Amino acid sequence: MINKLVKSDAEAVSDIFDGATVMIGGFGEAGSPIELIHRLIDRGAKDLTVVSNNTGSGNVGLAALIENRQVRKMICSFPRTAGSVVFPELYRAGEIELELVPQGTLAERIRAGGAGIPAFFTPSSVNTPLADGKETRDFNGQTYVMEYGIRADFSLVKCHTADRYGNLTYHRTARNFGPIMCTAAETTIVQAKHIVEPGAIDPEVVVTPGIFVNRVVHIADPAHESILVANQERYPS
Amino acid sequence: MINKLVKSDAEAVSDIFDGATVMIGGFGEAGSPIELIHRLIDRGAKDLTVVSNNTGSGNVGLAALIENRQVRKMICSFPRTAGSVVFPELYRAGEIELELVPQGTLAERIRAGGAGIPAFFTPSSVNTPLADGKETRDFNGQTYVMEYGIRADFSLVKCHTADRYGNLTYHRTARNFGPIMCTAAETTIVQAKHIVEPGAIDPEVVVTPGIFVNRVVHIADPAHESILVANQERYPS
Amino acid sequence: MGWSRIEMAQKAAQDIPDGSYVNLGIGIPELVADHVPAGIEVIYHTENGLLGMGPVPDEANRDIELINAGKKYVTAIPGACYFHHADSFTMIRGGHLDISVLGALQVSKNGDLANWSTGKPGAIPAVGGAMDLVAGVKNVWVITDHVSKDGQMKLVNNCAFPLTGKGIVDRVYSNLAIIEISDEGLKVRELAPGVSFDYLQEQSEPKLIQ
Amino acid sequence: MGWSRIEMAQKAAQDIPDGSYVNLGIGIPELVADHVPAGIEVIYHTENGLLGMGPVPDEANRDIELINAGKKYVTAIPGACYFHHADSFTMIRGGHLDISVLGALQVSKNGDLANWSTGKPGAIPAVGGAMDLVAGVKNVWVITDHVSKDGQMKLVNNCAFPLTGKGIVDRVYSNLAIIEISDEGLKVRELAPGVSFDYLQEQSEPKLIQ
């Protein structure tokens, strides 16, 4: 029988190893799997390369993972947002690496990684410093830059509803990077607000087919990053 | 106001011109927009390049379009299926061109065309005659072939439910090439079994966002290709 | 003298054709949505996965999982839809959007845009979706103060800051004027109240066409 | 002597590990689904956009919009999902499927597969998803008669027909034997009832390992 449900968030992340590449879903707070990130802090795996659009805010979630010195390198499009203090400080101090990728290129690289496409050409970033040193090529008189698919050892994703096969739906703009990150990791770990029986999700509306998911943990009442930040909470506290 | 609904299927295809590249949705009969194809036969535009997974069956739909000598070239993965007689005959007689593309490469080329990706690398067809003359390249010790995005002047697609913005849902395995073909044409023309008010389709379950669709025509009771074929019908009759 | 932020947004809003698909950048561009003339239907795209973005909700209807690219609370209109990031940038990169309205640090005479980094040491570079938008969207409009807060010209012969894209800006809505950028040069379409052409030229490095 | 078509399918079905994601090609491979042992849960993928393909429906429940890659009527199990073709081949090309079971015209000693065209003049070439499956799926199993209807050996030193993929077949289930293909050569894992190793070798061009 296929049963991807695991008992606890701690168990779900228990094999994330030092030096792993970890994709973390979310666009700002929306879709950020804060419980899985906090368990990764508990676990303490270090020297991580993290692929995520932003770098978190305040001193919880992704920002706390960075603050805890577990992240060697960030691959992201927008490392500074309102309330992000941890990454900018470490970056200015030269203590964390940054690979800055245009948001659409980041999304396409993740999608390519999941789809078995090792490289593709895109018009984004041509004639800018972000294309420096990259191979370019003309198609139909326009210049494109070659970008590579990205794959990760683990993806951490937050969804709305899941079943034991790993079929997922999302909620509003919390969908963002979740579906493509599910496809691009050796091991995809998902926290779900609701767990239902197979068949309860209409097969027409499944967003992430179960084949892309390895583990699902039920987090019925996830913390709100913005509330934790407003309360000046830290993790670990 | 945005209103992509057009009054008739004839009006929907009235500007398809000689020499156009036309993508036609469907995998076999499922998802094949038979009414739009028949109106294209009425219109008579010729010298078409048609992108479609198959070549139709019997003497109706896509097979009838080919039989009517409107198609100069087929780009497809599987030109012979049970009941396909028209294409094989013309092909053997040297009267129609064929570009045979592996099914996944065909899907990815259409998706790339719609996504502004001019070319990508894929492992499919490496070391086979379908990669002959194509550029190959090694990534991480494996060989890949470079394939190009495809765009069309028109896409003809069948869906289940649509609204006036062009938001679409599909039905079961009739979804197949529809969503990606919608993205890859200058003008995307859709026949829908049901038309609803904007907002009636849950925003979480829209499969094709309206931005990819130009025209929608209501065909409440589409013909079943397999029944027409079983009855040995022809188009035009 | 000149236009306020809201008036700049109004000017841009009035130029959006009925039925357009539009992406609004962070800052003044966000204000454009509030000023589209009655009778015109515009569909707003936000790159974090929503087509059919509606107005800002009242406090009771905020949802931390319904935000725009600037991470601010928004709503969804009837007929909206959600999608993932790769599909969102298929819309952008694939040329499906009609207009991208962006802010700017500098715009050059040939339409180069710099809007993501000052390139200064210690600055945290952050590009977001800007490079994809300028590469993929048919019409790129910039809304910006004509001169920076510290008195530097923003309309320049050559951008000193790192580029977002080369030759991609079609039109600038500044607090002083609306300027079209084409192969023929920088053509002033409209001057703000109280702004003379000569004054505008003084505030602009490239030669302007009246 | 030897196994029937159904027995070949049974042999393959018994080797599928619990929890596998499996794509079944057209022909004998389709029969595999009917013979998975009780207690084992296998999820079937059909490349035209369904994960969780169920058994053939009775006549009353046929839907022309619910078919498999061979365009035959199928059903969907509870927990199934539909998706478009690009997503379907993301599953295939991206390495997410565990097993692809295919038919063959020829299999060579180093695991090359030819199964899409005889290359003969007048033949209509049709490749479908086979080249994507062999390029992307971890384990490629072939089910085929050991010798063709016109008496030609199918297990050959080098494929004469155009290739589907090179060095990608891991295992062959024929009516005479189950053969593993690896760097060490062609190893016979099981002989069908009444088939001797010598007889099998006579029907096979490459040298087999007992």
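Order as written gives the chain letters A, B, C and D; numbering starts at 1 within each chain.
Convention: contacts are C-beta pairs under 8 Å (C-beta built on N, C-alpha and C of every residue); 3 or more make two chains touch, one makes a residue touch a chain.
All figures in this text were calculated on a predicted structure; none of them were measured in a lab.
Novice: Between B-D and B-C, name the chain pair that shares the greater number of C-beta pairs in contact.
Specialist: By number of C-beta pairs in contact, B-D is the larger.
Novice: How many angstrom lie between the CA centroids of chain C and chain D, rounded to a whole number?
Specialist: Taking the average C-alpha coordinate of chain C and of chain D, the gap between them is 54 Å.
Novice: Please compute the C-alpha centroid of chain A, do the same for chain C, then give the distance between them in whole Å.
Specialist: 28
Novice: At what distance in angstrom does the C-alpha mean of chain C lie from that of chain B?
Specialist: Roughly 36 Å, centre to centre.
Novice: For chain A, which residues are shared contacts with two or more other chains?
Specialist: Correct list: 108, 111, 115-117, 122-123, 170-172, 203-204.
Novice: Give me the residues of chain D that touch two or more other chains.
Specialist: Within chain D, residues 76, 82-83, 86, 89, 92-93, 135-136 contact more than one other chain.
Novice: Can you identify all of the chain pairs that touch?
Specialist: A-B, A-C, A-D, B-C, B-D
Novice: Going by the contact rule set out above, which residues of chain B touch chain D in the complex?
Specialist: 27-31, 53, 77-82, 87-88, 91-92, 98, 100-108, 110-111, 122-130, 170-180, 207, 224, 226
Novice: In the complex formed with chain B, which residues of chain C make contact?
Specialist: Those residues of chain C that touch chain B are 18-19, 21, 41, 43, 45, 51-52, 76-83, 86-87, 89-97, 135-136.
Novice: Which residues of chain B touch chain A once you look at their complex with the stated criterion?
Specialist: Residue positions touching the partner: 108, 112, 115-123, 137, 139-140, 142, 144, 148, 169-172, 202, 204-205.
Novice: Within the complex, which stretch of chain A touches chain D?
Specialist: Interface residues on the chain A side: 1-2, 111, 113-117, 163-165, 167, 183, 197-199, 201, 203-204, 206, 209-212.
Novice: Spell out the residues on chain C that touch chain A in their complex, using ranges where they run on.
Specialist: Residues of chain C touching chain A: 46-50, 63-67, 71, 76, 82-86, 88-89, 92-93, 122, 124-132, 135-136, 162-166.
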